[in-house]
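Below is one structure, written out as structure tokens; comments come after it.
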Amino acid sequence: MSRFNAFYQQIAANGLAHWLTSLPTQLEQWEKEALHGDFKQWQKVLDHLPVSQAGLVELKTQVSFGDADALSDGARQRLQVLLKQLMPWRKGPFTLHGLTIDTEWRSDWKWDRVQPHLSPLAHKTVLDVGCGSGYHLWRMRGEGAGFVVGIDPSQLFYCQFEAIKHFNPDPAVHLLPVGIDDLPALKAFDTVFSMGVLYHRRSPIDFLTQLKQQLKPGGELVLETLVVEGDVHTVLVPTDRYAKMRNVWFIPSVPALLLWLERVGFKEARLVDIGLTSLDEQRRTDWMENESLIDFLDPSDHSKTIEGYPAPLRAVIIARN
Amino acid sequence: MSRFNAFYQQIAANGLAHWLTSLPTQLEQWEKEALHGDFKQWQKVLDHLPVSQAGLVELKTQVSFGDADALSDGARQRLQVLLKQLMPWRKGPFTLHGLTIDTEWRSDWKWDRVQPHLSPLAHKTVLDVGCGSGYHLWRMRGEGAGFVVGIDPSQLFYCQFEAIKHFNPDPAVHLLPVGIDDLPALKAFDTVFSMGVLYHRRSPIDFLTQLKQQLKPGGELVLETLVVEGDVHTVLVPTDRYAKMRNVWFIPSVPALLLWLERVGFKEARLVDIGLTSLDEQRRTDWMENESLIDFLDPSDHSKTIEGYPAPLRAVIIARN
Amino acid sequence: MSRFNAFYQQIAANGLAHWLTSLPTQLEQWEKEALHGDFKQWQKVLDHLPVSQAGLVELKTQVSFGDADALSDGARQRLQVLLKQLMPWRKGPFTLHGLTIDTEWRSDWKWDRVQPHLSPLAHKTVLDVGCGSGYHLWRMRGEGAGFVVGIDPSQLFYCQFEAIKHFNPDPAVHLLPVGIDDLPALKAFDTVFSMGVLYHRRSPIDFLTQLKQQLKPGGELVLETLVVEGDVHTVLVPTDRYAKMRNVWFIPSVPALLLWLERVGFKEARLVDIGLTSLDEQRRTDWMENESLIDFLDPSDHSKTIEGYPAPLRAVIIARN
Amino acid sequence: MSRFNAFYQQIAANGLAHWLTSLPTQLEQWEKEALHGDFKQWQKVLDHLPVSQAGLVELKTQVSFGDADALSDGARQRLQVLLKQLMPWRKGPFTLHGLTIDTEWRSDWKWDRVQPHLSPLAHKTVLDVGCGSGYHLWRMRGEGAGFVVGIDPSQLFYCQFEAIKHFNPDPAVHLLPVGIDDLPALKAFDTVFSMGVLYHRRSPIDFLTQLKQQLKPGGELVLETLVVEGDVHTVLVPTDRYAKMRNVWFIPSVPALLLWLERVGFKEARLVDIGLTSLDEQRRTDWMENESLIDFLDPSDHSKTIEGYPAPLRAVIIARN
């Protein structure tokens, strides 16, 4: 009995049925492999979450599920102990029965900058590629999206998402533990998000093409990635690490990125937001105790990474298929 | 948009969800290939069937769909012209809005002999391997089966089934155009039928094993096949044809067949019916104008086939997994 | 560096080059898996075999490699200790530098009965399906065969063969650790042997077809298998074990077997030898200390197996493709 | 009988035997597909080439096979007619029995610039990725390389190579009609060349990694590609075409390219040659009647392509694995 049967049942009935020719095979393989390592431990966390009654569901301005007074202080304390076993928590914040998971990122700030530029999401079918723990999936649903799918190969992020969903088992919001390379050309989504992924890809052109292939004709891409200052020919490839990350490959300028999007066939690509990540937006918390942005920057010059590259500058670009 | 999406949606919600890891891929392949040959012509027949109103649905004593007076004589005449384009009709009979498809076989007679021996089918999940046009699927449903699946790789039989189902679009009755070799070990059916298939298989042991693998623990097999007189060591393998059929391999005696069933792990195998096929039960009709049983027998001695083998003797055996 | 490179090099230069499209992939997989279990221990045996000088090579009347006086008594003693680590030795006997491996079977007796009926093997390309430790491969080579390939999936038999070949590294004699199901339709051998395999197959018809597909047009099949007395319709399928073997499926009469061969397309099938296996031909020895034929027969009636079936009767049949 | 058997035989005997686990399957597929389209016509050209006697073989300063006086003027005329059926001829020139194929490119000039910088090729195993008609394969062999393999998926280039090889059937020089994506990580070549390919790849990082995986530890990469002026952050991605070519993706500066090489793990990467392609080196001839460089440049300013990009500037870089 696969944990994804409910998802299969839904896509068999909507415009994603062609996904059934590959997804169940991939997830069956995943379920076999997920039986190893820490996954069992994380699964236990999920199994011990308190029974959740219908209650508060706030998605529009924040992600907050469950009435605070439905849980005793002791029960809330136990919930905190459980959820901390799923650390590090990176994308959020989430509030569950009054307990706030203070994540490394204020992903809500990013959403507030992005959301005003989106085509309306109401009743739309939406994909988020590299969704992490799925924070933005809930905000998309909060805007009225009809069917929201996030993909992220991380087993931990999958478990974090399931922990959150436990308190709001919305059948229209899903996270699948697969990567973009696992997806066929679905051509089925109204809006495809990808935030914080492109610079991790060895082949940005192939990645942009893969994103395009998930969109319906006329669909909308929302792309957030690291950029550098420069003209249409400027691309930074770190010799080794960038902000202590080993797997950063291409950081284009905004003009270069717009050109790439045009080259693979997107239309009307435009910059809607750009800014340096602030030390308030990405930082160590009680729920993410590892190094964070402050540790990745040159201590004597916050305009540079510790390797001497320009500090993280993030742009949001919207384009049309 | 696959024609099988409704089926996928249903099995994702019942105990057959694990079938999703192979079936959609197989049927996608089938749909690509089905675009060739006569299939397009048969599909046109389906597209031109008259709109069917809710009306008579008789499954308990015969298969009869649609009120006779809901169709004018002219419309019924046109319906007959359409359905004759799907000839030859082998298994039946079917009655549609008063028009009877008089098939080569009186499959209802076989059902009447088999049905009294079955464990109750009410609410059961049932598979019919080699179901032909699907006559018995409807009768299984008539006994209250909750979900009925037939498999048969013939594209013509698939179209005949769809033509019949057009007049009673029951979501619990399905025919899939695949063969037994396409099935994983589903271990999911309460009852598995296979009538008239075993003697066509080059490997009867593998076939019996495949049937067993479709059953739940404790599930019931209903097996009908050609047999010969003889003891536990008697098996007829025709040198060439048997009753003009090229693809007949093993015709065991009843004791040999019971032994085979025991050997592959079935329990309580027992003979419930045996008899020579009569010239009334299998014969040429207006809906099957090719040769039939009378042409396969020795004209001077109906106890022998035209090749000199014993005339077709059919046994029904029931066993438990 | 694969241990099979020399074989690949040879088949690339003879009529078996098309085998390269599947065999290296299969054997690469095998080499990865062979690293587990007892194989490492057996490989150590091979690595410690004494350096072999050119010397006696007797293949025509027996399999005897190496001069006796080229090895000291102490060295021969050590050789015996090594080779006993590859027990049980079933097919033989082999003599190495005067040390005789007294195997369970007197396979030489079988060869003496079969050989007079064979089409000349001189310069022929020959396959032995289910060759065990490869005793008959050497005898085929002794008759002048130009290229001799045995297949047997057992890793132990492979190591036994390599141990023997160590003392006569003839580049025209090979054992590959694969099964008949791994072979494509090579249509490339002059003679295909299969001795002692058919009754272990769940599907004898498929097995005979696979053997046929390995032969050139006009090539010769040499088939040895268990048979029972009876007419063209007689086939024994044991309910459970036969002579304590779990995996015995079909034991036909000779007329039934000849019919099967005709049915799958062989020509001129004929019986060339038949006989009960004697207690001298198959028995426990110092090199095979498990149960042997005497333990498989009814102690009070050697004409029956311990299960009450007819005692092992073996027939050799030759047919033409 | 595959046309590649001789190649398989050779690699089974040298350090490339592990290639047998994938190559024969790929080439069998290729041979099936090669039966379509113009290939048959090209094969006829090969079948009608005149019988070639041993004679002149000049590889050191040019590629010239066969004595001029071994062919009559009429035969040479017929040879020209045949070879022109394989037009367009891009890489060369070749001289066969005194007949010179005047190709679009003076590939000998490129070789003369590259060769002085190479580690000695004598007795080396060499790969040329994207070898075209194979001109440089012969020059590598002229430097004493022991085993030379070119890969290029173009069926026309394969036939051109086979036509040339007909006049010097050197068993140490091979062209395989496969692409770099078909190659496993062979880790087996002393030197890997790739000239004129990188800018055609959607993912230059993946391409450089694939090249690296073909080299032995310490092996040498010889990379020639289009570059632009600029610093380590400069990369040109054409919005649409570059010099009328649709499939140009990344044109880095030399510093950027050196950085990419370092990033994927190459050592000691260094520029050994750079220069604008001259109108004498790439031009229309009697053997290549399509557009050439002159047509790709801005008529009023040869320092620019017709699209306004910098004119083709080509760099040769050598690096160590």
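The first chain written gets the first letter, and so on, giving A, B, C and D; residue counts start at 1 in each chain.
Here is the rule we use: a residue touches a chain if its C-beta (ideal position, glycine included) is under 8 Å from a C-beta of that chain, and two chains touch if they have at least 3 such contacts.
Which protein is which chain? UniProt says A, B, C, D = tRNA U34 carboxymethyltransferase.
Keep in mind the model is a prediction, meaning the values are calculated, not measured.
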Centroid distance [mean C-alpha coordinates] between chain D and chain B, Å: 60
Separation of chain B from chain C, taking each centre as the mean of its C-alpha atoms, in whole Å: 44
Separation of mean Cα positions, chain D and chain C [Å, integer]: 50
Overall pattern in which the protein chains touch one another (line/ring/star/complete/other): ring
Chain pairs that touch, as defined at the top of this document: A-B, A-D, B-C, C-D
Chain A - residues contacting chain B, complex: 1-2, 5-6, 8-9, 12-13, 17-18, 20-22, 24-25, 28
Touch list for chain C against partner chain B, complex: 202-203, 205-206, 209, 228, 230, 233-240, 249, 256, 259-260, 262-263
